[in-house]
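Pasting the structures here.
In what follows, subunit A forms one complex with subunit B and a second complex with subunit C.
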Partner chain A sequence: MARLADVERWDTGQLEAVFGRLGSARDRLVDLDGKLAGCAPPEGWVAPSAEAARAAHGGVAERLRRVVAGVTACRPVLAHTVDEIEAVKRELQTARTNAAAAGFEIDADSTISDPRTVTLLPEQVEQYRAGRTQQMQTLRTQLDGLLARADAADAALADILTRAAAGQIDDGASTNLASAADHVLGGAVVPDPPPAEAGPNAARAWWAGLSDTQREAMILRSPWMIGNRDGIPSTVRDEANRAQLPDQLATLDSDLAAAKARLAQLLAAHPATSTEPPSSADLAEVARLKDRIGDLQTRHEATVAIQSTIALPDRQLLLLDVGAPGGHAPHAAVAVGNVDTAKHVAVFTPGLTTTVAGDLGDYTKDMKGVRDVATAELKKVGRGGEEVATVAWLGYDAPQLDSTLFDPDRSVASADPAKAGGADLARFYDGIAASRPGDPPHVTALGHSYGSTTTGYALQQTSVPVDRAVFFGSPGLGTDSLGQLHVAPGHVEVLEARRDVVADIGRFGEDPNHLPGVRNLSSEATRLPDGTVLAASTGHSEYLAPGTTSHHNLGLAVAGLEDKQVVGPNVGFGDYRREFPGWQPP
Partner chain B sequence: MVPITAIGDAGRAAAGVATDVAGIDVAGPAGEIAGALPGSRSAQVAAAAAQQWRTEFTGVTTAMQDYGRGLGDTATEYRNAEQAQLQQITQATAALPGPVGLLGSAAVGASSLIRQALG
Partner chain C sequence: MTTVRGFRVHRVHAAVATLVTALVLIILTTGCAKERPLLTQADLDARPPITEMQDRYEGMLQRIRAAIDAAVGPREWYVDNKSASYGTCGDRNFVPNVIGRDVTLPFWQFDRPITDAEWPAVKRAVLDVLGQYGFQPGGMAVDTGGDHELNAYETGYGGYFNIGNKINTVMRVSTGCHPGEIRIYR
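Now for the complex of A and B:
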């Protein structure tokens, strides 16, 4: 049986990391299905060497199916082991606390001793001893039960590891890697997730109600059903979304190649030297194909950008929706850090002209910078153990400076894109809270430019208030009353840099730095009490520049260290306009 | 009939699969279980399991490389044999008298070009 001291040292966080890495490895193996079929000896090849080649290919494929089956079999057992160990450790802690309160000591081998000395009357001694013995026996039974439980979980994991690595997990009559994995899950039937309208709490409850095998089956068979579901744990969403990327890229590659080939065929049929004009049907098809190629290229570029962004360490892909031709723009959200375990979580929403292909990498890097400041500042105040995660949320159709400028549904002059995006963003915030019942993180909403308007609309719709919101370079929050925002009282903050005209136009409500109750943070050059000199931010696009006061303030907001923030009046030329005779709010 | 290039293509694809398999790490995380659960039975078996998986991945990678190389060699062998046959036919046809020989050579040349085009 495992020693008590060992069980107390068992590291479930490390086991969870193993769980994730085995999942990624398994998903990458399953993704080889297409390539494995593509390297099979060609059909119709008849020769002795062909038979030998088929046997060789079949042999390697079977070995890979066994590996996939083995890894797939390990994962639910690992998940169960994590749950069991966490439960055992919690109960051990309680047992230790109760034992200490009663004056007992428990050593590393779970031996219980009773060092307490009491002065008793002779007639009390026997009863006292009997009581103490009874208490010790109860404690002994409890400890033995817990250690046996830990032992059982450990034994199950040891057994599956041994059999899996020895290739003893049966992959059934599977003909490919995906079906080998599915076979191991024994045809687990998974109840459908609740409809999206049911909200993040319903999604969390559904996920919590699944067995480890059902969860594994869900990730394997239907990752698209959970990758973007708010309320599901972020590690699960990340794995499900990553699992879809290779297939999505392959589909886009093949669709692009097919469209380009068809276009080339049509153009070749009507060379410039031809005297016969192309038919109107051909001309229409050429136009359609050019649109389709442009659209596919946009989605392809977005997918490649997502892939390279999450290739960096410590990233979670929490939203993957590159859309369909003719549909919305590609959407994505990437976290730096682990949203499931972070004590502080921030969600940043950018604004005008943002695209996944063009900006996801940079904004994720910006979020890493803000996270670094938050982490460093927490460390300075002796709270270095508090994890921070920051999310770049590009989950809405941000307005663009193109033909959509004149489309009232999509123009930057309209609040409609912000309202539509705000609804999704609100669900994303609520999803973070829902995915961590009993362990809510400190959540900060960050919004820049038009993204601050989207954030403003989102915060009017959330079910669970966020702890803090920082709006920077904001043209308005979609409301003139902070009371409409579901943010902890006194924690709405605004940054306005010098010469940032956008921050003064008040296009979507009153200029935020004039809203009653708002906390104005400085974006001017500053010298901190420790001598650090921070630079000013100027214009509309320097708030996230490292080494600036605004960047520093954002990091402190995320860490919840408002006492260390640098406050300032945020008054610029646009604000002085108010003093002109006849000035009216927009 | 199977184009020779299809066999060569399958060989190259197999080399790609071998590279992909070599880049996938199951042994590493399996081995980390030992560090996560000190003093456990799982820790005792984790190192051995990791080694077995490492060996299996090396074996699969090598087998896939060998398989791909085998297909490539077969494709080359077929191509050489075909070339040799064509050469024999060309020589035999050229030995035929006058216009018959010329027509034959042209036919063999055309056939060779078509085969090359089809792969």
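Now for the complex of A and C:
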């Protein structure tokens, strides 16, 4: 049996890393199906060497199918082992705490001793001893049970790993790599997930009710059903979304090639030298194809940007929706850090002209910078064990400087895009809370510019309040009352940089820094009486520049270290002009 | 008919109002932006590889630790590899989608503060080393009641350094954008 001290040292993080790597390996292997079929010896090849080639190809294919079957079989067992060991460690900790409170000691080999000394009357001694013996036996039974569970989990994992390494996992005479994986999970019948309208808590409950094999089957067979589902654990969403990227890119490549080929065909049919004018139908198709090619290219660029952004360590892809031609803009959300385990989680929503293709990398890098500040500040106050995760959420159709500018429903002058995005963002916030029942993180909503308006609308719709919200460069929150925002009282904060006129216009509600109850943070350059030198962020787009007062304040907000934040009045010319007679917001 | 015409007039007014407001917002949002030429992939590729910068700044942090120890006595420094972070290169100085990397090296720390009396010597020692690596102080600076903060910037490639303390003392450096594959800290 495993020693108590060993079980307490077992690092499930290492197992989780292996779980993730096995998933990536299986996806890459299954993606080789096409290549494997493509390099099979051709049918018409008749010669002794052809037979040898077929035998060799068949051997490689068989070995690969066994590897896929083995990897697929290992993952549910790994997931179960992680859950079981975590549960055992938690219960061991509770047992230790209870034992210590009762005066017992437990050593590394789980030997229980009773060093407590008490003074008793002679007639009390027997009863006391019997009671202590009974307590020790109960504790012994509990510890033995926990260590046996740890042993069983360890043995099950060792068994499946050994059999997989020896190629002993049956692939069910499958004919390709995908079916080899499917065979291993063949018995897994997965109940349908609840409808999206049921909300994040229903999604979490559904996921929690699945067995490890059912979960594995879901990720393998239907990743699109869970990758964007708020309420599902972030590590699962990340894996499901990553699994879809290669296929999505291949589909976009293929659609682009087909559209370009058709366009070339049409143009070739009507060369410039032709005296016969193209038909109106051909002209219309050319116009449609050009639109389609532009649209597909936008989605292709977005997909490439997502791939590039998540190629770095510590990234989670929590939203993947590049859409379809003619539909909404590509959406994505990328976390820096692990949202499932972080003590502090921030979600940042950007504004005007934001696109996945052009900005996902920038904003994810900005969130890395905010996370660096929060992590460093927590270490400085002796709380270095608290993890931080920051999310760049590009999950709505942000207003653009294109033809939509004239559309009252989609223009930057309209609140409609913010309202629509706010509904999705609210579900995203609620999903974080739902995915971590019993272990809620400290959640901070960050919104910049038009994104702060989207954030404001989202916070009016969440089911679970967030712990803090910081609005910077905000043209309004979609409400004039902080009471409408589901944010912990006293934790709505505003940054307004010098010469950021957008932050004063109050287009979508009262200027936020004038709202009663708001906490104004400084983004100024000045020397405070205590000698502190503040560094300004100037204008509308420098709030996230490292080393500035605003960046420092944002990092501290995410870490929940408000006592270290620098407050300031946030009053500039833009605020004074409100006093002019007859002034109206635009 | 009147209703239809009225509706159309209303829609036209709404569109005009939207356009005017949108233009105001756009001018306010973008009008103050500084005009500067964006760097290209070729500019980025001409920079030293990211791993070379990681080596360089690991050396710099080592020298800063030694300089602080020499200035105010040895400290029990330790490093947290999990605090390292990695970014792509879109920091708005570049054209979109350049391929490069920015790394924040693992934070170094010791579990005690720098006292107000020690801070001037620490600051001098740190700035002396930073200067040799092209960093200049800037940004926020705190020096009050046991709370200290120093930021510095490397102007060539966008490197950034921070040291500060409250209960513990922590320092970190980011490389700015460079080409090549990163070395991951495990």
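List of remarks:
The rule we apply is simple: the second predicted complex is superposed on the first by the 548 of 586 C-alpha atoms of A that agree within 3 Å, B and C clash if a C-alpha of one lies under 4 Å from a C-alpha of the other, contacts with A are read in each partner's own complex, and residues count from 1 in each chain.
Note that in this section a residue touches a chain if its C-beta (ideal position, glycine included) is under 8 Å from a C-beta of that chain, and two chains touch if they have at least 3 such contacts.
Source: prediction; values computed, not measured.
Partners subunit B and subunit C, brought together by superposition on subunit A, fit side by side with no clash.
Once the two complexes are laid over each other on the shared chain, residue contacts for A:A269 go to neither subunit B nor subunit C. Of the two partner chains placed by the overlay, neither subunit B nor subunit C lies in contact with A:L283.
By the document's definition of touching, of the two partners only subunit C reaches A:H552; subunit B does not. When both complexes are overlaid on chain A, the residue A:D372 reaches subunit C alone and has no touch with subunit B. Judged by the touch definition given at the top, the superposed model places A:A250 against neither subunit B nor subunit C. Legend: residue contacts after superposition of the two complexes on their common chain; A:A130 is shown touching neither subunit B nor subunit C. Contact with neither subunit B nor subunit C is seen for A:A258 once the two complexes are overlaid on the shared chain.
For the pair subunit B and subunit C, the model built by superposing on chain A gives 13 Å as the shortest CA-CA distance.
Those residues of subunit B whose C-beta lies close enough to touch subunit A in the complex are 1-3, 6-7, 10-11, 13-14, 16-17, 20-21, 24-26, 28-30, 32-33, 35-42, 44-46, 48-50, 52-53, 56-57, 59-60, 63-64, 66-68, 70-71, 74. The touching residues of subunit A, when paired with subunit C in their complex, are 301, 304-305, 308-309, 312-314, 336, 352, 357-359, 361-362, 364-365, 368-369, 371-372, 375-377, 379-382, 384, 399, 401, 405-408, 411-414, 449, 475, 499-502, 505, 507, 530-535, 538-541, 546-549, 552, 564, 586. Those residues of subunit C that touch subunit A in the shared complex are 14-15, 17-22, 24-26, 28-30, 32-33, 80, 83, 85-92, 96-97, 99, 101-102, 104, 107, 109, 111, 138-145, 147, 149, 151, 153, 160, 162, 164-170, 172, 174, 182, 184. Of all residues in subunit A, only 2-3, 5-6, 9-12, 14-15, 17-18, 21-22, 25-26, 28-29, 32, 35-36, 38-45, 49, 52-53, 56-57, 59-60, 63-64, 67, 71, 74, 81, 154-155, 157-158, 161-162, 164-167 touch subunit B in the complex they form.
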